[in-house]
Amino acid sequence: MSAYFWLIPFFPGLSTLILVIFGRWLPKKYVSFQAPFAVFLSFLFGLSSFLSLPSTAAHHGEEFLSKTLFAWIYAGSFQVDFTLWFDPLTAIMVLVVTGVGFIIHVYSIGYMADDRSYTRYFSLLNLFTFAMLILVMAKNLVLMFVGWEGVGLCSYLLIGFWFEKHAAANAGKKAFIVNRIGDAAFILGIFFIILNLKTASFPEINQAIAEASLSPGLATLIALLLFVGATGKSAQIPLYVWLPDAMEGPTPVSALIHAATMVTAGVYMVTRLNHLFTFAPLASEVVALIGALTAVYAGTIALTQNDIKRVLAYSTISQIGYMFLGCGVGAYAAGMFHLYTHAFFKSLLFLAAGSVMHALSGELDMRKMGGLKKYLPLTYPTFLIGAITIAGVPFFSGFFSKDAILTQCFARGNYFLWALGLLGAIITAFYMFRLIFLTFHGEERFSQEVRHHLHESPPIMTGPLVVLAFFSVVSGYVGLPVVFGKNLNWFERFLEPVIKSHEEHHLTLNTEWMLIVASVAVALTGIAIAYWLYLKSPALPHQLVARFPGVYRLLVNKYYVDEIYNAAFVQPLVKGSEAIYYNFDLPVIDGAVNGSGRLMNFGGKLLSLLQSGQVRDYALVFLLGVAIILGLVVF
Amino acid sequence: MPPVAFFILSCLLFSLGGLAFIIKRDLITQFMAIEIMLNAANLALIAAAKFSGTLDAQIIVFFVITVAAAEAAVGLAIILLIYRQKKNIRSEEVNLLKG
Amino acid sequence: MAIFLFFLLAALSLAAVAGMIFSRHQAYNALLLAVSFTALGGIFALLDAPFIAAVQIIIYAGAIMVLFIFVIMMINLREPMPPLKKKWVYGLGAILIMVILVELFLVLRSIPGKNFAATAALGSVRSLGQMLFTRYLYPFEITSILIVAAIVGSLYLARRKEKD
Amino acid sequence: MTFLPLAGAILLIFIPKERKDIHRLFALFVSLLTFALSLFVFSAFDASRPEAQLIEKGMWLGYGINYHVGVDGLSLLLVLLTTFLFPVAVLSGWHYIDQRVKEYHIFLLFLETGILGVFVSLNLFLFYVFWEVMLIPMYFLIGLWGGPRRIYATIKFVLFTMLGSLLMLVAIFVLYSYYYKATGTYSFEIADLNRMVLLPGVQTWLFLAFALAFAIKVPMFPFHTWLPDAHVEAPTAGSVILAAVLLKMGVYGFLRLAIPLFPEAVARFTPLLMVLSLIGIIYGGMMALIQKDVKSLVAYSSVSHMGLIMLALFSLNQEAIQGSIIQMVNHGLSTGALFLIVGILYERAHTRLIKDYGGVSRQMPVLAAFFLVCLLSSLGLPGLNGFVGEILCLFGVFQANKVMAYLAVTTVILAAAYLLWMYQRVMHGPIVHDYVRSFRDLNLREIVYLAPVVVLMFWVGIFPNFFLRNTDASVQLLLRRVEEHRKVFVLKDKAVQPAIILPADYSQEVKQAASAVFSSNLTPEVKEAK
Amino acid sequence: MNQLASLLPLLIIIAAGLIILIMEAFGRGGSRLPHAALAVVALIGGLIYSFSFFGKNAGYFSGAYVLDDVAILLFAIFSLAGILVVLLSVTAMVEHDFNRGEVFALLLFAVAGLMIMASSQDLVVIFLGLETLSISSYVLAGLKKQDQKSSEAAIKYFLLGSLASAFLVLGLAFIYLQAQSLSLNEITHLSSADLASPVFLVGLCLVLIGFGFKVALVPFHMWTPDVYQGAPTPITAFFSTGPKAAGFVVLLRIFWPILRSELSPSSFPLILWILSALTMIVGNLVALRQKNVKRLLAYSSIAHAGYLTVAILSRDARGLIFYLLAYLFMNIGAFAILVALSSKGQEFHELDDFNGLSLRAPWLAASMSLFLFSLAGFPPTAGFLAKFYVFSQAVKQGLTSLVIVAVLASLVSVYYYLRVIVHMYMVKETPAQVAVKGDNPLLLLIVFFCVYGVLYLGLFPRAIIGLLQKAISSLSLL
């Protein structure tokens, strides 16, 4: 089966094709079967390929599964094949994508049951899976870019799924365009690589870097360009603005694309090119810094948001910041590890939030919730598990992965970044529990009508929640920190063939313990503050708001970044274009064209005045001609 | 007599004819002006014949006079036609066609 | 004698033309023109072209001008011309004519000032006739078509009523 | 093949005009037949040979004016594109064109002949004849079946285009006389003229004249104003052909004539032309952003896209030129398809203003899907055709000039911005206007002509090499030619002769030839260098 | 006898003219078809007969009559023009009040004048031919005796034409003064000092002015629009083709030897350059403003004179004759359409009368479009190839700047030609009562013949070009 690993992306791809072409005539039941099944098939193939991978680093340097399907673009030195491969890094991503993807497909059957565009939804979801699989399985940068853009497209389409809502259509467009800005840089990065290394294939790139055929300055430039692409896709500063708006899409989409998979593509890309980034330390530092800043920054915005999905969105941005922080400091495995755990718990949170919305007839505003604990007996605990995980409570997966990043940060001497990470952690814990408390605890603030319809979601939706909750809890145990014993970090060892080895940063066990304690403390503090503010004395937040109105307004308005971008880029572009159109294109360029025509006409008018009809005038012109011609001869 | 005198006279007559064509305002006199110009040209031809001592130019003048006669016949017929239509032969009023 | 005659005839022809320019009456114009043509005929005679001179006086000053006068009589315009509105046209015309005249004069400077070649009886009717019917037979025949065309044309135009 | 449509048009003349359907069917049949023939040409084409193939040659007027046609890697794809799009164009006007059906199809087929002729001509005279001939049917297509300002638009189109081509004609004369002076024989054969090396000063002027003609056709930045007008007013098929094929003639002209004939001048003007192209890219994008009319939006997007193609062309490297060729095909498909879709919308709403739509997706999901694919193809989404060309073009530009490439990449963003914004305003949002509710989704005919285009988009996007490989050898030859040409100037020191002729197989013999010709003029340094 | 035989083409035509006059004198009115038939037969006969002299290149009457191949080709052009115009007149004369046999006689005389002009190397003969033509033309312009416009055309043509003749005669005098001869053969063998003398140059200038008037070079063109508009349409068709061709051939015969580069007086190329450029520019610019198609075509014919002057300047006999031939078909074709658009003494030649013609008379409209495209110089029509030959030769002679002016001017011309097409095709029909003679078989035949000519010359002119090439080699023999 693993010989056919290259079929993995094509199951959902084929499914998309069928749904798009024949979707109209297919019964809903069939669609509900086909779409998840295709993903499941991919998952099975992925799993078998995964199992067939050499299990240890002993096979280091050996070729992984790789298949060139056909020569793709060949023009001069630009030679790119359509090649898929399957190495440990890909394996993890494939499993996450198909695994989580499958669960979300199943969930969607329930969530989207009543939507009129049911088939379209599933075809897009399948298409997304296809593109994402291409992204992670591509053996070269250009093909990866295909997937990269493909997922962007699906993101666009799914965010704008309910295109009749202006907000949704706008959000989709915004996502795509912002992504495109990153992509432009990404393309340039690709060009630099192809131009200088004559290849776009990952193993060859790594080899070329190992042979030091790239100057460090150039490497930095390339790395930074690619990272700009990553900030677009993974919603980091400064290109994160699309992600919160992306919540206009259906919630399972948010879970799959805007939490678990697509947005982490940037992290995947950086990890994939870790040789390059390691070779460009400055770029790595930028990555780490941006990651850390985003982690804190997005967290602060999440503090004040009232839209349940937006809180989660900012939380996603923040968590991806952590991943970049990990990658930036060189702890690629840790970054990937967080990606992997995050995929479970964040999709869990989103799906649970979706379940809440489902229960409340689509209500998103936390201020109109409260006390839902007793109405949603399954959603509540799963949501809680998700929150605990993300907050970094020990023995849940989030704890291990986040701690791995922070530890590595510390170990490599980046104390400032570590401190930022901790700050982010406390904020995370706080806003997650604020969310929990506002939603499930306290008084019931929803209207009577909503209460009337209030119900727990059907099993097809709660089932996935339970599964994801399970994974949220246990998935961390594949990468235990050193304190629990050596060689327990199976995850890191698994990725060793892919990640450039560098000198080990050993901390003493004591220090490690201290760090763990610190992060646990931070997490608990955050939870405690949330408890205090939102359950113990619910009036306090309002007082705080009253005390710091400026800060509050800044946070509620998301630092005014959308407005600033609008004023700094969008409006000048549109206004400038209009100015050019009305003041230059029409009057000057077009005017020159029409003007020359008018000039001709005017000349004709003048000359036709001569043609007065009077013989005498004709004779005069005649004589004038004679005079001139004779003059030319005589003089 | 220097030959140039004849040419000067010819040119003077020619120019006067041209001037008359411009100044006169009835068709028939304008036509007469042209006849003057033709005659001036004839004078130049005759003088040239004398100058070169060949006869050809005189024959040309003979032809030119013939042509002038023929033109006169046609031209006067056209002027008559105009007169019949307009009851005058003012040059200025022949201006239906212009622009 | 020849010089005197030349200046007399030249002055006469020029004066006649000038008079025509200033005269208002068409019949006078025609008469002045006839005078001018006759004077020119005299000059032709001075230039050893007796036959042409005769033709000039008989056909031009005689026949053609009679034709003119005939037409003028037919038309017999009495009412005077209304004054011309665009006076500057005269000025422009005069200037242009002057320019052309000056140009022609400048050209004439290059004619050598020597006397004419002394060939006696250059324009005798005999020699003319000989040339006309030998060397110039073809153009002479062409004039016949020309005249036919002119006759047909003027008949067509001047005929008052159509046959059908 | 070239004259098949013409023959069809002539036959059409004899079909009485009341039989509208027969005209339609017949025109469709003829254009399909032409397409089939071109497929045959495609299959018979040998990708490994760089020179022209499948040649037909015959005497025509003498004095170097021959009937000489053939295809090579530069023209093959464009020929295919043309023949492919004409049946589509015929279908697109099936019902919409209800008046003067007969003339419409006659002109359409006539146009096809003209365009194909331009692409296959190997004789400069023939090229020019077709180049001009094609204006006539286009003039009528816009003028007879166009929108309200059609007369203005069509006359502007013709005059503007002719301005360039007439000056080019003068340049052709000059070229012709130089060839005659250099060899004592007359020739309009492009292959012969290619062997002529002109002094740089002469090249400059001739190149400018050629470049003007082609730049207007493309259209490059300051010469673009005819395009929005022509597009807006033209009927759907006209817009499709105009955008998809006609504009390519300009690029093709550069590729076929201006660059190989005047490499030295090209080198001199490359900076200017590249800057203009670059301005075109950004300017076109910005203008497209704010257009209120869908068609003029797509038209300005063409300006932008063609700017990229030109930019790549003047990068003069293998990737860029292959990229620009494939990008021409892509632009033809995507923009052509966009105009088809706009036409479909127009048939339903009779308006082209963006604000008159909104929420169409709900009524026309199938259209929405097609629209989306075309849009994505246009903005260069990987997996679709646009990406392949765009990335090759950009890469080529990048190789030649990094700063240009940085700026040109903005097209990726701008294109997304204006296309998606337009899509959003037309297709998304709530239904504002009631008549939108009465829109019917695509009928079978519309699907039939859109589907092949879309399939081709995917095909080119996924298997671009199927097409790209045909261009490889010819582009290599072109670039080698340019290089060899320019080498002559290294050996040359202010030669007295304005033109020399290189031997046929000059790549091997260029040095001997040049030294033979210029031996007396060589400076000592150059001699030593040799 | 040999001379007489060679004169036969001319004699046939003149004789036919005289016979027509006799028929008219003794006929009883009614249809003039027999007259027309006779005229056509004579023209065809003369044409065929003259071709039997092709390749002989003989001169008679000591150069006064030269039946060289160029002359024979020009005979062909004149005969074709004559035939087409005779037939056109037949279709129009009854309704437009010139139903007289004299018309054909005068036309034949005019054609004879043209032939005399084109077949002579002697300026005297050329002058007489010109006058034969002119006198016939004055009458022809005024054929519509009841129509003030027609008479006005006649008087204007007459007055200005006589004025030009006066200048021409003065020019002859000056030339004679220097050269002592008016035979071109002798003139061209003058010493270069003689050729460069101011007297000779002025004479040449005046001759140029005289013929420039006939072919409507700016600034001697002022009569053209008025006369073209006022004259009956078939006659206008004749004016715009025949005299133009003859005038240019005469100019060619005069200037072909003189413009040889080593002999060329410095100012002459400049003068011709200026005249040519002015003619193209003025003709085209003023045409832009015209609302009357007949007048528009008049201005267009002025512009075409400019292009033809380019051929004179580049000594391109082949291009010139080809252009004249092409121009014959396209212009007569266009005027034939105008004839179709006039009925019962009324002419519907305003642009607005053309509105929607394509619906009323699709074939006529299509043919008109073809003629206009040809006039504008679009391939694959005769007009394109004509311009192509002329301009390419000019560039070869180093007249690139003039050619640039020419192409830009022709760009302007495209605008007004297209405007007519716009009215025919793209403007809605106005309710005005515009009668179209779309069913007159004779007219259709003429139109078809012109269409054929335009396309044949545009697509397969190899035979014609070969003929021309052979013919112009005769020019250098003389």
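By letter and in written order, the chains are A, B, C, D and E; residue numbering begins at 1 in each of them.
Rule of thumb we're sticking to: a contact is a pair of C-beta atoms (placed from the backbone, for glycine too) under 8 Å apart; a residue touches a chain by one contact, two chains touch by 3 or more.
Source: prediction; values computed, not measured.
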Chains in simultaneous contact with chain A and chain C: B, E
Longest centre-to-centre distance from chain D, chain (CA-based): C
Chain whose mean Cα position lies farthest from chain E: A
Per-chain Cα centre nearest the global Cα centre, belonging to chain: D
Between A-D and D-E, the pair with more C-beta contacts: A-D
Averaged-CA centre spacing for the pair chain D and chain C, given as whole angstrom: 69
Cα-centroid distance, chain C relative to chain E, in whole angstrom: 30
Chain centre separation (chain B, chain C; CA means) in Å: 6
For chain B paired with chain D, centre-to-centre distance based on mean C-alpha positions, whole Å: 63
Chain C, residues touching no fewer than two other chains: 89, 93, 97, 100, 103-104, 106-108, 111, 135-136, 139, 143, 146, 149-150, 153-157
Per-residue overlap in chain D, given as positions that touch at least 2 other chains: 159
Per-residue overlap in chain A, given as positions that touch at least 2 other chains: 597, 608, 611, 613, 615-617, 619-620, 623-624, 626, 630, 633-634
Chain pairs that touch, as defined at the top of this document: A-B, A-C, A-D, A-E, B-C, B-E, C-E, D-E
Chain B residues within the chain A interface of the complex: 18, 21-22, 25, 30, 91-92, 94-99
Contact set on chain D toward chain E in their complex: 59-62, 125, 128-130, 132-133, 135-136, 139-140, 143-144, 150-151, 154-155, 158-159, 162-163, 166-167, 169-170, 172-174, 176-177, 180
Of all residues in chain A, those that touch chain E in their complex: 597, 600-601, 603-605, 607-608, 610-611, 613, 615, 617-619, 621-622, 624-626, 628-630, 632-634
Interfacial residue positions of chain C with respect to chain E in the complex: 103-104, 106-108, 110-111, 135-139, 142-143, 145-146, 148-150, 152-157, 162-164
Residue ranges of chain E in contact with chain C within the complex: 14, 17-18, 21, 29-30, 60-62, 64-65, 99-100, 102, 105-106, 109-110, 112-113, 116, 122, 124-125, 128-129, 131-132, 135-136, 138-139, 142-143, 145, 154, 174, 177, 197-199, 202
